[in-house]
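Same chain, two partners: subunit A is paired with subunit B first, then with subunit C.
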Partner chain A sequence: MGSSTTTVVLGGGMPAVLEVLDFALSRRPTVAVLGWNLSVPGTVDQVAARNPDVALVCADLPHWDGIKACADIKRLGTPTRVIVIGSEEDQATLISAVKAGADGYVTVADSVDDLVDALHQVCRGESRIPSLMLGSLLRGLIELRREDDAALERFTSLGNREREVLEELVTGLDNHAIAAKLHLSPHTVRTHTQNILAKLGVHSRLEAARFVFEHDLLSRFGIGDR
Partner chain B sequence: MHLARNGVDAPEGDQRRILIVGARTLYLQALCELLDGTTGLCASLLPPGQLRDSSMDPSPEVVLLDCLAGSDGLEPLVGKIGELHTGTPIVLLTWGSARESSKQAASLHAEGWVSMSLPIAELVKVISDRTGRVSDAGATSSRGARRPGGAVEWPLSALSERELSVLRLVVDGSSPDEIATTLSISRHTVRTHLQNVMAKMLVRSRTEMVSVARKSGMRPTPGLPQS
Partner chain C sequence: MREPMPEATRRPRRLAGTSLEQRGDHVIVRDADHNVMLALNESAAALWELCDGSTTIEEMVSAICEVSSIAASRARDDVERTLAEFERAGLLVAIDI
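The block that comes next holds the complex of A and B.
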């Protein structure tokens, strides 16, 4: 092994949970806990400040969004790797964790030594997913991809003008404001909006906006960026 | 509900034993290691499925039961533990607020509860109180001593400041109406406080409340006529 110790910052919503993990990990000679935090922004700040090898975030505790913590830490753009702790049956959390950029997933049914292995493993640049969950994770991701493709297909069926109207609609403008901005009559905008809703297969402007956000059409097509 | 509060007559010198029953191995194993390492309490972890084969001999002093352990309710587990270790108090390990935890513990007739959402020092203190051993972690913690009037014993440590003052007045012999006057709050508020205190202390009456409070170290205010 190269560097001897893996440095860790912990994040989660329950003091006792973090304190016992801190205690158990600190006893292992190959792990050093740099700190822990009870809030998501606090955890992200601590990761930014202390630059640990691994950030370990709980995603199975109530009132604490471990997935957001994971995504925010990844957004820092530092080399810190992220392991998410979740429950064994919770496929949805695993998929969100992977989408949020997690490098590893450890379940609460694992032992402390499993966790230590996982820390070293992601530190070496490998990913760690419980093998029993791999099959359903792949199925879940493929399913997600399929939905995304279908969404994309519907989106590309929009005409140029419709796409422009959608861009404005997503930012929250009403028909009159859109009409003024694009130099169209409110009546035309209404027609465009109706066609957009039909083509996207949604029932309201709000749903249309959600559709755009959910399938990440903003960043993929530069919609709404300004 | 038979209570064995303040088990001070436990023999000295040997290892106090705690059995933790639960499936969240990662957290519970870490908890075992912390209890072993900081308190001298000897803790072992058992998955709920293996409970039937367990023949821990002699019986543990306390069973700490994870409230998420039972896939089909906790009652079967509580029953099984009662069969295997008759008379051993069961403390519920919860992951939520004081209110939810005390409700759950009361409905299972558990001895009490500890929550992972509290600082570990409080949790350790509750557990060591159950086993009659003063722990280093509990004693040295500054976080535990946040209430005025010195350290209060579990189950009193679960009460808020206001609930504690209501309880003190009850111990001093005040009626709910007198408490309302003394604290300048409505009778209705006093009733709510009393209900919450009862839930948190796992008692069913004001009489039992006074008896448990006094056993937990609360003394009547000196100089008052005793009723």
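The block that comes next holds the complex of A and C.
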């Protein structure tokens, strides 16, 4: 392909949508569609094998998790840029796409010309966000960051033993199993667990585990990695 | 004379009574008497929405870096330049918390 041609792999759960996109984009002289796939693993494999400039993936559809597709493609570590196609009212999907590493977001209301512009724009290393969604996107990201910071503050209030218990708790162990593993009495583990729930501001072990996952404490502090 | 604004921990706030109006590719800021005060491009309009008195300049910069591939230093320069423009137009108050 010439350097002025942007190569694209399409991903999404609906063949008709992908066929229409393929047809429309393939008529443009500056775009070459290398292929498309209906499954997330298939799309990721195709991106890994064909190394396109851009992966253009639909947002969530039945049997298709577009945010996971985006995250998995970015996790490949290749230079492929990712654009997610979603609804212009769907702020939550836009935020999820950005958090998953998307380089651009186009809406189903955009024209094919807009789409082609977006493909070239992300190829130049720029990001592409619909202008009318930008303000609320920034607001949403700031609110998420504040929630993360508040969660971090609660997490860092845990003592070392409490963190160890939490680490086992998120793997699904009950108090007896945690006690045996950490050489503590079940009563002590129960006390630690109650303290953990109170400090994290949650009401159950399940909520505590969700708290750890939602605020990404796994990777930030190695919780649950052992 | 108003104190110069931008510092990372400051929380710029729009003047009360201002409003936005979409006009073509730009957004117009009107004051409480409906006078046109400033025309903003899409990035500046997004920043304007964040001038709510609770968002710090550092938070603005971090969020912009998260959605774009620009370096934090450039994002900070852009934010401060835009806020200075708002300030020059007399559209901001700044509060420290």
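Annotations for the structure displayed:
Operating definition for what follows: the second predicted complex is superposed on the first by the 220 of 226 C-alpha atoms of A that agree within 3 Å, B and C clash if a C-alpha of one lies under 4 Å from a C-alpha of the other, contacts with A are read in each partner's own complex, and residues count from 1 in each chain.
Methods note: a residue touches a chain if its C-beta (ideal position, glycine included) is under 8 Å from a C-beta of that chain, and two chains touch if they have at least 3 such contacts.
Keep in mind that what you see is a predicted model, and the values were worked out from it rather than measured.
With subunit A as the common reference, the superposed partners subunit B and subunit C fit together side by side.
Judged by the touch definition given at the top, the superposed model places A:127 against subunit C, while subunit B stays out of reach. Within the superposed three-chain model, A:29 lies out of touch with both subunit B and subunit C [touch as defined at top].
Partner contacting the larger number of subunit A residues, of subunit B and subunit C: B. When the two structures are aligned on the shared chain, A:77 is found in touch with neither subunit B nor subunit C. Contact with subunit B, but none with subunit C, is seen for A:17 once the two complexes are overlaid on the shared chain. Seen from the C-alpha centre of subunit A, the directions to the centres of subunit B and subunit C diverge by 100°, a value given as a multiple of 10 for the model superposed on chain A.
In the superposed model, A:106 lies in contact with subunit B only, and not with subunit C. The overlay of the two complexes leaves subunit B and subunit C separated by a minimum Cα distance of 19 Å. Taken together, the two complexes place no residue of subunit A in contact with both subunit B and subunit C. Within the complex, the subunit A residues that touch subunit C are 98, 103, 125-127, 129, 131, 134-139, 141-142, 145-146.
The touching residues of subunit A, when paired with subunit B in their complex, are 13-17, 19-21, 23-25, 27, 61-62, 85, 106-112, 114-115. By the touch criterion stated above, subunit C contacts subunit A in their complex at residues 42-43, 45-50, 55, 59-60, 62-64, 66-69. Contact residues on subunit B toward subunit A in their complex (touch as defined above): 23-27, 29-31, 33-34, 37-38, 95-96, 115-120, 123.
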